[in-house]
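We call the chains A, B, C and D, going by the order they appear; numbering starts again at 1 in every chain.
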């Protein structure tokens, strides 16, 4: 579904991703693992074209994305939830969702505001509230709901468990599994291996902008040295 | 143990909403104490009141027996309270060591001096502080290109500069890799031990919290619902319900 | 009572055009964060295009149709300007874009002159709306009533658009985080263009709507821009209802001012703005500006270092070269270099607070002109010897900066800038209107140097010593603990405060120092020209300095000086040509687009790229 | 940075070559500094007037056997810039003197500069009285009739009526204030019982006409003295006309009759105002004025403004002075300008008074009327300035010791 081939990405002058390739298949949940600064966020941004890879190809459903502006990437059906949440704090919950709204898509589940409120009941209670009066967990829920309004077929979640209370992290895991059940393909980036293992089918480990491992969690369990070398759990 | 910080019945309301509602606690000399709780529980508000960024609606804060309620952050700092931020606040246009030198210049009250060249001042002293946090090799790199974890360590060095007796750390390990988290907290614990500094910190990473704090306080909806050691807090049913959850997703469990 | 009502209605009618133009500016700022100084130019274009269309189209339909068409046309021009000039530089440092908009002003001025000629045009009358209606016996022009009736509809339409439509939601979201809006599938580039076009169209509409009350002339752009900014700032930048309230407030107060305090016409609105900002630092309905929520735009600044041996040698060589100029060069070259040094010192003093302190002042001329006036007044009224009067220039300017800074320094960002502007206008108006002391705009003349300096070469050396000395001193301060504290307060006020630095006090002291150094430049200026006029205190003078600092490069230490040198030379050369404003505008726009880090910053980047010294890894 | 390089190279080359260039001139150059962009509507006819005169002068063999050439430079309306340009013109372009400016304060700056450096400056258009009186100096001469004189002509007419209560409206800057003060002083002298019931001071080119008209109306004056011009005048006339301000009141307008200001008003031009101006359309055939108008219309395809006349006479004055001096050094030129007689100007013979370096150019006064949808002056006459000047003793007392 998504294929990243040998991309090189830079941030300013710094070479962040080098020669990175991987694939995401329809219907699976993939976890992108690695230390802070390993290049996980840059990988996600490179898919979204928020960071333009200087070399390499990003293909989504047969369409090359490199060089497209971010809004076109989003329109192809990739939903992106950034790590620092970035909700529109001056807008109400309903308005935040409105920003994300896109027409229905054939190959992806279609979401309405009411459906999303069923998944995220907290948001329903606060629908008229402005974003800035919400807690971190609620904000995280809102960013996901907002992105789902675009009816994506592939969802990129950058560090969904970062900085939220453990009890919310559990809810988050349940939510991701539910989205998967609805037919969504999901890619998350994580530092929390336990969380990743709870939701993902497959792990990709990157370090220093390069891919170090790509396989199932069972395989990863079988190679504790990889885990110790790159994940430092 | 003597008490370094005492908070009495602290309250803060915004437009009628009680963000912090009658919180009282104390921190003893040489203690490493964690303040945890769900987002929006009032941790940051609490912290900002301790450090003078926010003025409490009511209640008092005593540092070393003196009432510091409502004092300005810089005055509280001068009394011997250091602080690190959840989102790092370093001087992007300076080198790593200049960041530390800046704090030292302030400590030595050289802010309004226009005669000397700043980059020569207190360089050796600053270097020592960088060594404390293992940043000496990066001393002359521009601060703007540091990795996040290194920024956190730099901030710690800055906070240590005036030899504080109390350190307030707001989510010190947020955004860091697990190994770096442990490292940073180990470093902090060493400093606590060696220099007799007290630390009060907020944190979301339960591994860090349970591994490194002597005492833990749990804040929920502006009220303290627990204050005790790790076991007491972990077994508190109310804490489990509002914050820790089933505890299936953090480390202790998987290793158990 | 009837008279008051009539006055009030006059105020409301005046508020109509003002609100239209101001709402456009507020909208543009709210979304794009661009302080669009060219907004007055769109207003002027609206007037000229409106006149032209009304001449072609007859009758009622023609008149109102022409106004709508004008809005469309100016909106289209706005869209072109946004796409060509502004789109390439959204990522440049904050407020950098205002330099580009200044270039746009110059270009539009000359284009308007080329197309419509120099002569003023009377605006056509609205068909059927000539004459007055009597309200309680007082004559009120019919067209005034129409304007008063139209405005609330426009306010409501805009309010509805922004708060109730999807477009409005997107616009407000983009105001906060453009990139995220893009990542959610919205083409934010077009959103920006659309908003800019809408804002420009409103300005154009304003220009066309006021035609029956006035006309079209080439000074309209500058004449309205001050009032428009005042309205937007008083209302709170980005707030449409705020702009409406402020437009009414200013217009009505103005009408009463004209009646009861006829001399107040020049400053009334600036006094109101100063009072509002002192009481409510973010305007009536504005909210606190959070600068750089998602990190500062533009590349981070590199740490500063005093020049190495090579740099020192180059500077020494330059100074040596300047020192021998009188030996071989003719008098005019010396005059030009004196001008350049004075301007460079003035720019360097602004650059000091702007670059190191992050304090963008729109009123720095108050200190330049203040210093010049201080010295000139002493000489003119008390025959003080030049040497003593000269010392008084930096002193008085420094004291003035202490007084003005006391009010301004508590504000931040655009509001700080606008309050400094308000105060500089107050200083200007004192010089302009207190004729018994300052001789008003007749200025103070015959302020020449003392005997021993009163020849080209001695004065040249005098300027060289003090001007270059001043610049070197400012650079030294930047490298001192004080300069570092100033930068610390800019980089992270929170951290600075938490480590014992009184950020506001440091900024206050820096503001005063910058004022004193600008005053020194002013002192040199007055004795080099022999006269001083209120023009040295004008907004334009402040903006000249601001523009050269941005063009030179805010994030470089040499930016102000190099920018001043560049501008003096380019201007000296271009003003010999017929359409120099057009060319100068194009030069400014070109520099802004091609060198977004300023001249020095971009040359440095280029130099680093050539030498491949950019290997430092970022993680 | 081609631009910089060329300029810097140009500067260096000029520095090296300047003395030679000055020597090798085959024309006599005069510097002309003006606000060509900032006040384009006024400066352009002025420039055309100069060009017309130059073509005639050089067609007749020039001055001292050489062509007379004007070097036009734009000062952006900034006195400091004007001073810089003057310096460059004198030291590098090799001009023998300089002239120009419309705005009084720029004229004053140039005048001070001329005195300090010993250059000759002919202030062509600036009106400020102090230019030749309070701040006068031996190096500055002035062509146009001053504010005082023109205001005095209006005051003389006003004193003939039985109006007692006057309102004034003038732009809020030195010229406006001088113009009001001059009118008040002259009128009060002629008719001591007059009373000034309102003084309005709109910002220059930024009038709030509705409010100004209301304020004047409120004071219920018998007569109004107007100093506003340009867009301010247009707005005042429109608002005042609509609201009936001028009905049954006599109005005196300084400069209002000048084509620069009257023409743009079109069919809304006020009727029955007593004004100073330039009624070129009324000159009779065979008069020098008509000859000038015809030549101007033929050369430019436009009708003349008063700026055209001033520009034309500026060039004529300078040519006459150079011819009289027989040399181009400043001392000779200054001497030539004192009591200079200029023949064949549109007003006949013009001279420059030695006592205050002011020319004897007067002003046209008359009443405005509408003809063919255009504002014109009718019943006009040309008045010599002499009777309206202060006494020679007063002038000597005002002028700084020479």
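Note that in this section a residue touches a chain if its C-beta (ideal position, glycine included) is under 8 Å from a C-beta of that chain, and two chains touch if they have at least 3 such contacts.
Keep in mind that this is a model prediction, so the values were computed, not measured.
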Point to revise | Longest centre-to-centre distance from subunit B, chain (CA-based) | key: D
Review point. A-B versus B-C: which has more C-beta pairs touching?
Key: B-C
Study note, to complete from the structure: Note: subunit D sits from subunit B at a C-alpha centroid distance in Å of 74
Revision key, fill the gap. Rounded to the nearest Å, the gap separating the Cα centres of subunit B and subunit C is 42
Check your understanding: Taking each chain's centre as the mean of its CA atoms, how far is subunit A from subunit B in angstrom?
Key -> 30
Point to revise | Junction residues of subunit D - those touching two or more other chains | key: none
Revision key, fill the gap. Going by residue number, subunit C touches two or more other chains at 616-619
Review point. Mind pulling the subunit B residues that touch 2 or more other chains?
Key: 145, 147
Review point. Got a list of which chains touch which?
Key: A-B, A-C, B-C, C-D
Review point. Subunit A touches which residues of subunit C in the complex?
Key: 166, 169-170, 172-173, 175-177, 179-189, 294, 299, 614-619
Revision key, fill the gap. Within their complex, subunit A touches subunit C through residues 11-16, 37, 48, 50, 69-71, 73-75, 80, 82, 84, 86, 88-91, 95-96, 98-102, 146-147, 150
Check your understanding: subunit B touches which residues of subunit A in the complex?
Key -> 14, 35-37, 134-138, 161-170, 173, 191-192, 194-195, 198, 231-233
Check your understanding: What residues on subunit D touch subunit C, complex-wise?
Key -> 3-4, 6-8, 10-11, 14-15, 18-19, 37-38, 40-41, 43-44, 73-74, 76-81, 83-84, 87-88, 91-92, 104-105, 108-109, 111-113, 115-116, 128, 130, 135, 172-174, 177, 198-203, 205-206, 208-212, 214-215, 218, 230-231, 234-235, 238-239, 242-244, 263-266, 268
**Study point:** Residue ranges of subunit B touching subunit C (in the complex, touch as defined)
**Key:** 51, 53, 72-74, 77-78, 83, 85, 89-95, 98, 101-103, 105-107, 110-119, 121, 141-147, 155, 158, 161-162
